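Note that the chains take the letters A, B, C and D in the order they are written out, and that residue 1 is the start of every chain.
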């Protein structure tokens, strides 16, 4: 398994496409248990990140993802801005100086990303946040190496699993038991991140 | 969605333009941001106060920028915390060297974004302190409580303290004292519509209300049958008092805050009952605020805020600006 | 109908109780009436100012009672002029011998009831003058025009004049000068519900608005397709300017008044455009008011008011209270 | 034709009953072209007037109607308070010192009432106000003497006739052409006044 700078660029662009496509659904999920802006936040932020990536050329994947992270941090706001921003910033640090990522290197980035989300947001697995998706994906990668198809499946399954949970962090937590029965919007946007990864890897490999 | 806007994407920037155009003697915007600062910022020797958060809470936060109140306000998208770089711009614009206090409402987004900004400012050698407001007793765990209307009392009291020339540590301690002694609880009769989504945040039947709503158009902690004003007020006041340690003879400030669409007439009906209830318990209301201080767009409803006053808070509140 | 009230019949009296309970240092109610006066009324040697009308316009009128503004406000039932005996009680409570000026909006009901009160007061040897406000350019015949948000500028400017110790004739002339030079025009996006009727005053489709609405929840002079904020503002400002004689270099005050449920955010978007339009015409805006000054319960919409300033009006407005 | 103090008392009481009964309809008419409070104003005012009349005993019809008028003036407010109040006050002056009214005396009162409404409100026939009912009733009485049944019929017909008119006075005038197609609420409450008169006269005579 190898991910070139070109594929990593495609990943960022594809994430953006997915966020645009699912913007309304993401906001609807957020409206049910939050304030209804997650789709707009994601769409706004990743659009800017995609523009940034398109306007520049990168050999260094670290530099590319640092730019993506800074763009997210400065354009998204809300809870998801610092969280996605920090995630990609930490990953970028791990990917610094590389123009291609093998399974181990990619996993290091994901590990760093999850660490960043945890430190920033102080949530744990099961709190019905984006971490409910990121943590199992990371665990699987650490154990078996990167399998993007598998990561995609796990992300989808784990996003689904947030439906039955009671939110412990973020706005949805204010609803207490009433947060049950709805998928966490950040979990779904995270699922889209790994769905994008599987797609671009497959296209890049073929 | 029926709103007096030109487009969903321009709302915040056009509001900021309007604010500055309407009050050019008092306010100034920092170019390419949605940061509003006092026209005369930075004020030499004075500790600077910054508040902010998502937009849609007007007059909070930009409406509190001015002499004796805030030095800057940072407006995010509607109900979305502003980004760290915008907060950093505000910090840089108002710091006179005496240090900066960030007044932050306890929402994941606000806390994280302001925190990142504070880190960035420290890296530029600006001394920044933060006070996090958690006045919403609708949430039972005190650590998880949201910052709501009580935040505006921090603006007023900490603003008066900073205007007196107190040091950053002193202003921080006073602001923290307000934060520790203020409690709020809200009720909503009708939702609001976030412009970007175009649809009301939830639906309520003609005989329903949401108890324990925050300030972002969300549902509250419980849906209940609509009650009369006095009964609603009793419920809110009782909930707030249950979380405070007030005695016969305690002195407080009271705020009846409208969420956006509730007529002032109704807020005064609520105020009347709240004052009665406090009087019945031997609590002295030294100052009452009735109006819109921290709104949720055009949400219908109100919140009750009670602040326990010590001598210093009382003096600063009664002598300061509103 | 979802309102924070206890019963339709108690609304006004409970609001009055709430006002006085919230601001006991500033306000006092006259027993068995819905009249609110300054706590220190009558103020010796000062001309007294009284305004009033139906309730439901809060903060007008009782919110303007205070130093440098009104001496008394008389509140009728919701959207119903108060009766002559209540106005008479107000007159008797505030007259210090220097005379009383009644600020009356040009509605049949207000004009007749205040007129009868003036007759009753004259019979008790109190000197009473009246100024009738007709600022609503939505009505083409100037004699028939309603008094709307511009009335609050009369409160401020005549209030400042009276506070300076000017005589009744002088204050009347100044108030009349404001009345002659102020014009307003409103737009509504959604109706309000008069408590006694329990139903919205009219219905509007998602894409409709009413242009030229008054302040009693009525329909306007024309139903139109909903437009963006800038276009609406242009229409209102143009209508108002068409009725004024302003030149390049004229000085004005501008008021963007919310009708009750429109977020301040949107009012600032309107203010931004209105200020631009005036600037484009070489008109100098010396003072801008943005907020709720004269509401129609929880109606959605706003009005634009422009006051042509001469030196005296400018001085009084800029030095006076808001 | 004669109207005793007893019948005149019944008239006031019956007007109140009619206003209570038609309160909602009056407010609905007012909601269409005004501010929707006419029924409440009338119901509130005439209830107080009825209470006043019930609590006192009068020989003098003038005194009785002066009390009714003062009550209306101090309890109704709006446009209709001063107008109905002035109408009955002027009529009361004309009826001063009388314990029974013949056709001529009653007509004098109605004439004075109409004069009062005209002076106070500065409206004319055809402006789509209560005067559109009062003026024709007065004219008929002056011409042919008091016929309460006829007055009732004329009032109903003239109230109906306001539907097609454009309002020139009062709140409805702000609507201009849009005021067409709705009956004037004050015209309808005036119709009720004369409907009450016909009923109590008939009952008193029988």
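By definition in this document, a contact is a pair of C-beta atoms (placed from the backbone, for glycine too) under 8 Å apart; a residue touches a chain by one contact, two chains touch by 3 or more.
These numbers come from a predicted model, not from an experiment.
A.B. asks: From the C-alpha centre of chain A to that of chain B, how far is it in Å?
C.D. replies: 32
A.B. asks: If you average the Cα atoms of chain B and of chain D to get two centres, how far apart are those centres in Å?
C.D. replies: 54
A.B. asks: What is the distance in Å between the mean C-alpha positions of chain B and chain C?
C.D. replies: Distance between chain centres, rounded to whole Å: 28 Å.
A.B. asks: Listing for chain C: what residues touch at least two other chains?
C.D. replies: none
A.B. asks: Please categorise the chain-chain contact pattern as a line, ring, star, complete graph or other.
C.D. replies: line
A.B. asks: Strictly by the criterion at the top, what is the full list of touching chain pairs?
C.D. replies: A-B, B-C, C-D
A.B. asks: Of all residues in chain B, which touch chain A in the complex?
C.D. replies: So the residues of chain B touching chain A come out as 54, 76-86, 107-109, 112-113, 116, 138-139, 144, 146, 194, 196-197, 199, 201-202, 214, 216-219, 221.
A.B. asks: Can you tell me which positions in chain B touch chain C when the two form their complex?
C.D. replies: Where chain B meets chain C, its residues are 2-7, 11, 14-15, 17-19, 21-23, 55-56, 58-59, 63, 189-190, 206, 209, 226, 228-230, 232, 256, 260-272, 275-276, 288, 290, 292, 295, 297-298, 300-302.
A.B. asks: With touch defined as at the start, can you tell me which chain A residues reach chain B in the complex?
C.D. replies: 27-28, 31, 34-37, 40-41, 44, 73-83, 120-121, 169-171, 173-176, 178
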